[in-house]
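In the two complexes that follow, chain A is the common piece, with chain B as its partner first and chain C second.
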Partner chain A sequence: MSDNLQIHRSVYEVLKGAQEPGPRLVANWLGGVLDAVEKGRPIAYHPFTTFSEIMVALDVQPICCEAWDIVGLQVDPDHAIKSIDAAHEAGIPPELCSFDKAIIGSVIRGTMPPPSMIAQSGMPCQNAYITYQAVASLTGAPLYVCDTPYDTDEEGALEHWVNQYKGMISFLEEYSGKKMDYDRLREVVEESNRCVEYWLEATELLKLKPVPHSGPLSQGTLSGMMGFGTPEGTAAIKALLDELKDKVAKGETAIPDEKARVIWFHFQVFWDNALMSFMNEMGAVVPYVLFDDFRVEPVDTSTPEKMIRGMAWRALQAPMGKLGRGAFDAFIDDLLYAVDEWKGDCVILGAHPGCKWVTGAYGLIRDACRERGIPLLLYDVDLVDRRITSAEESRTRIEQFLTTVIDR
Partner chain B sequence: MIVAGCDVGSTTGKAVIMKDGAIDSYTIIPCKPRPEETARIAIGEAMEKVGISSLDELDYIVGTGYGRMKIPFANENISEITCHGVGAYWLSPSVRTIIDIGGQDLKVIGLDENGKVAEFVMNDKCAAGTGRYLENQARALGLALEELSTISLEATKELVISSQCSVFAESEVITLVNEGEGLADIANAIHTSIASRLLTLVRRVGARKDITIAGGCAKNAGLIDVLGKGLGSDIVRLSEDPQIIGALGAALLAAERLRKSASAKEQGASVN
Partner chain C sequence: MTALEELRQPAKTLTNPYIESWKEKGGKVMGYYCTYVPVEIIHAAGMLPYRIRATGSTSSDLGDVYTYRTMCTYCRHSLDQAMRGEYKFLDGLVALYSCDHVRRLYDIWKAGKVQPSATPFYFHFLSMPMKADGETEEWLQSGLDRFRRSLENNFQVRITDEALRQSIKVHNEKRRLLKSLYELRKQDSPPISGTEVLEILIASTSMPVEEFNQLLGKALEGLRGRDGFSDYRARLLLGGGELEDPEYVKLIEELGGLVITDFLCFGIRDFWDLVDEDAEPIPALAKRYLERVSCPRMIDHPRRQQFLMDLVKEFKIDGIIIQRMKYCDTWGGEGAMMEWDIKKESSPTPYMVLEREYLMGAVGQMRTRVQAFLETIGR
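On to the complex of A and B.
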């Protein structure tokens, strides 16, 4: 009998004995999922903008669907392509975000274990709304989708949002058959608070010029997706922070001669890890990747009510969660803030074709950068499907752009 | 000081030799199967024109274009976007927007007041609107490329080619021929369809004046005519062959590199 989970099982087997916090975090998460599959424990799907603290506190195994496919991509560059094709064959429209099509396709192919329930905070974007409905329809799993406010400053919007978040807790309680222990939730949220604290400190260090690290903070990303609120998640980001501090103390920099600082205002291209190194070879560093911009406040854990409100508010401020809803002004403001704070010389925005929330606003982004005299490269590249723009095309475009930036 | 720029594009190779800050010679040749071969022939012909017998006589060579990585004799290679900017600005310092229609891509480059590239957009994902597209449509009409260019100016009727895809556009052209439409009108429709695509890119970088056009298609009178009408302004014609602008920019950058290197040596000597 074929093992649809073979890729993830093999990653787990390789990493399960690892001592380093990053690999241990991945192994812990994968091991938890595989154990839940084997023992029939409840599994909850969630997008990366729905943090897993509630699930961790309820002892429901979380699967951050994007993270599951990212793991697959690291082993098989065609993992997402196979899933995307499966989604297309099932009638999913090609215009949908490929990240989301990959999730649906992985469910169809059985390469992602079926969910017992699906918790969706209504973010990060419109694509995700339809994706989790499709997954629910395909698997028969119950689905809860929060109704996200368009404008949180509007009267009553925040109360509405907090109630939506409370509804998600009730939903997970109902379908897992477990009752929330708020003391346990406090422990979990205190853990995620520590994780956020380290994360913020790490991203502060990336404001240094020259920068000690170039490219995404992968361990931070993984902490958010695979272990938010777990000691393993906190340990991974703490290790990253310690590494950065050590580099700074020793005066080590990402590259010897920093000629340009790139604000990468989208997610990294997950199938092309070498792209960041390519930019380094040109003398460019990437001190900022949108996904790492986790400017959130610690959650007040003094009472269950305050804790839920804090978690709900934090969810609204998460990377992309904040920018994928409401007026586009927030996106522009954050982009300019990133340029100022992380001392960017230019902005690269490699938005993939299904990312309508960004591609639809190219003109606004261009105008904002032009007004400030910030060189901007907008180019089509799919984050998970290498068929749209090849690695070679990607490098050609970036090289041409960075040459002009460095030349300035 | 003798320097050279060599631009190996997708359909032609260009070389420019400059002596003491002036263009000494240049060549434009069709591409050979291998970029190295194209580069060697192009630079060889340009050298021959001015009696240079060895590459050693050239003080600095900059390669550019899609094949720039494969020019073994170049001292350095620089992106064609930078080179086009430098070349066009040198010829006409009032230029702020350059439309470069190459054999297989389109680029629109915006320059700042100092001639530096401020922004650029390009289409290299499909053949629509490129030199190759024009070649295909000319063939569908049974015309030489030069004929397509001039006959278009005689158009009397406005026809529309709606498809942006070069394959479907060719079908539309064949349909128009079969419907008995005049060749001049069809040629004009082909140019209008390219111009509409180009105008979108031009406006995206701001369409700041002066606007000029480089690349082989800049020699296409029919296209320039419709493009100028679409822009609502004259297109500044450069004083040199528009096809050599990239190679010219490369030669100018070669001269600059040489100057900088000499100046660094002088400074070093004075310190010592």
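On to the complex of A and C.
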């Protein structure tokens, strides 16, 4: 096995015997990838907005590219930076999304197993389109991108989208040499339905004041990226849900004295796991992180057609998919909804430099918050590259902001 | 003033006497940002399609209030112009998902942060696919039908199939004339510079197409007898995204790099492909706009790359310069992929990416880079 995969192999070796559902989920995914590499099984790259149920059902090993780099980041804080720099050296400009640069760079460095195929649901933004074309160009792997309708209320939009989704299934069948077994897909989707059900239940518990848990529901994120439709994925989020329920039953809260509730309206900062704890120390809790807002309907698995339509619709409604692909109204609406439902006192938006689809209309976010009297902090912080804003700078900005919120 | 001189004027200002005259006669002007907007439909509605530029903008301070430093400066300057009322001649805006920057610019405009001139101001966001296949073509046809109905309902006009056919014909005529212009550029001593061509291209997007066609026809006759440019160091292809500043091209050409052809969105990508005049108009438009020489918003880099390399052969190009607006994601990725592919060729064409802002700054740096590039070509 290539030494270029040693970081992920070492994580697998550490976790493979784990009993806890979270680590088992990661181990299961990594083990599947490493096994696919060793045995030459088909591997499909996909972004986090493209759920892997179809691949799981076809027994094609999915690699959520963002998740691959997130795992690397936990072991080697410079893992992503090395890949980003490799992308820069190859001519990819610095202002592209660092998630995407890390993916391109990981392909260049060979620290991600090469794909047999690449399947993308076309969300959330243009950086994603560019990235997977670049990866296809570098690897020669066939690429399928679902064309996403901009406005799902537009006449015929959903039919178009479902057709595109069906096209993705055909593509995966063609390049894996396998035919979809819809009974198997039903099993997988019923599993992902359970995963979503538990995830939603967990996020509902975070509406409680005081909150039993602060920060991202990481096992949800991991399930969504690494184990959607697998028993390991469902078990991980179920374990977290049970833990939360237990805390609620015992009256346990995230922190003893909740002074402020922060709506973190983006992904967490993946290289700075202590940032949430820092806010906790100030008396601020984070009951909401964007990717956990998985308000999607369960997929009807009664027929293959309904299943495909349900999966397609769910992809459009999932976080980032829903907010990234269309007009900015949805972003503002969901931000205000989050503040209301999760009883937010303020909003922090880490302005990930690659997210022009968010920061491009920053003034609209500011105006909406101003009209409602919601304190807003939007500050430059890269979710993957720790060189853009240091941990110290993050803390300084957040501390200044939260002090004003808490003192109100 | 010769026809050529007249065609070079509209690039200098945001509006021009053609637009003013159009407005005085009660005509409507529909703004758009992207060459994927089917101007034929706008024209068939009796309106003047106008490709929005930010010509004359000297700062983006006002626009920056609503956007962020990582938005491309073209969009920021355009937003600034809009907020200052410089687009008061527009009656509406048609946009599509050209890129994340343009679509947020549209959102800010639609949210009422820009004072419109017309009341009500028309907005339409076209769902233009990112790839071309049978299914997306059908989807686009329905989108174009919706756009047509939207214009009809909002402006109480009727866009007949016959009007669309006429519009297709006259825009195809424009495209043919522009192709004839580019044929002249293939000569060893082309009779027209890249600077002049960009001015003509800008004119084609900011005046009535019928008048443009007439002027260009006359200009072509004049060019056939014109002495060509022979005192140049290299034949260049200038590519990239939005470029509306002829001074940028002039700087390159003053250093001896004659811009023989382009891969620009004001250029070849806008006009190279015709619409089938024998087919039903809406399906013909859908097919043409999806299958035309694509911009990096479309997911078909290999096809674009092949077209680029064909242009290099056809126009006997010595070097490729890609100019990229800072923060432009699409050209960020495309520029890198082009370079990777060129390097795989047995005799790679010299290639350079020049990063720029909307306003021409760092001229000294640009001159140095272009000079060095021309020297590496061996000229």
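As a working rule, the second predicted complex is superposed on the first by the 406 of 408 C-alpha atoms of A that agree within 3 Å, B and C clash if a C-alpha of one lies under 4 Å from a C-alpha of the other, contacts with A are read in each partner's own complex, and residues count from 1 in each chain.
Definition applied: a residue touches a chain if its C-beta (ideal position, glycine included) is under 8 Å from a C-beta of that chain, and two chains touch if they have at least 3 such contacts.
Treat the numbers as computed from the prediction; the structure is a model and nothing was measured.
*Asks:* Report clash or fit for the pair chain B and chain C bound to chain A in the combined superposed model.
*Replies:* fit
*Asks:* In this superposition, which partner touches a larger number of chain A residues, chain B or chain C?
*Replies:* C
*Asks:* Once the shared chain is lined up, is A:130 touching chain B (first), chain C (second), both, or neither of them?
*Replies:* The answer is second: A:130 touches chain C but not chain B.
*Asks:* In the overlaid three-chain picture, which partner chain does A:315 touch, first (chain B) or second (chain C), both, or neither?
*Replies:* So A:315 meets neither chain B nor chain C here.
*Asks:* For A:370 in the superposed arrangement: first (chain B), second (chain C), both or neither?
*Replies:* A:370 sits against chain B, while chain C stays out of touch.
*Asks:* Could you say whether A:156 touches chain B, chain C, both of them, or neither, answering first, second, both or neither?
*Replies:* After superposition on chain A, A:156 lies in contact with chain C alone.
*Asks:* Quick one: classify A:200 as touching chain B (first), chain C (second), both or neither.
*Replies:* neither
*Asks:* State the minimum pairwise Cα distance, in Å, between chain B and chain C in the overlaid complexes.
*Replies:* It is 6 Å, taken between the nearest C-alpha atoms.
*Asks:* Overlap of the chain B and chain C footprints on chain A, residue-wise?
*Replies:* Dual-contact residues (chain A): none.
*Asks:* What residues of chain C sit close enough to touch chain A in their complex?
*Replies:* That would be residues 65-68, 70-71, 75, 96-97, 99-101, 103-105, 107-108, 110-111, 113, 125, 127, 129-131, 133, 135-136, 139, 142-143, 146, 296-297, 299, 301-302, 324, 326-327, 329-330, 332-337, 339-341, 353, 355 of chain C.
*Asks:* Which stretch or stretches of chain A touch chain B in the complex?
*Replies:* 366, 370, 375-376, 378, 380, 389, 393, 396-397, 399-401, 403-404, 407-408
*Asks:* So in the complex, the part of chain A that touches chain C is made up of which residues?
*Replies:* Against chain C, the touching part of chain A is residues 90-93, 95-96, 122, 125-127, 129-131, 133-134, 137-138, 143, 145, 147-151, 154-157, 160, 163-164, 167, 327-329, 351, 353, 356-357, 359-364.
*Asks:* Touching chain A in the complex: which residues of chain B?
*Replies:* Residue positions touching the partner: 78-82, 85, 116-122, 124-125, 204, 206.
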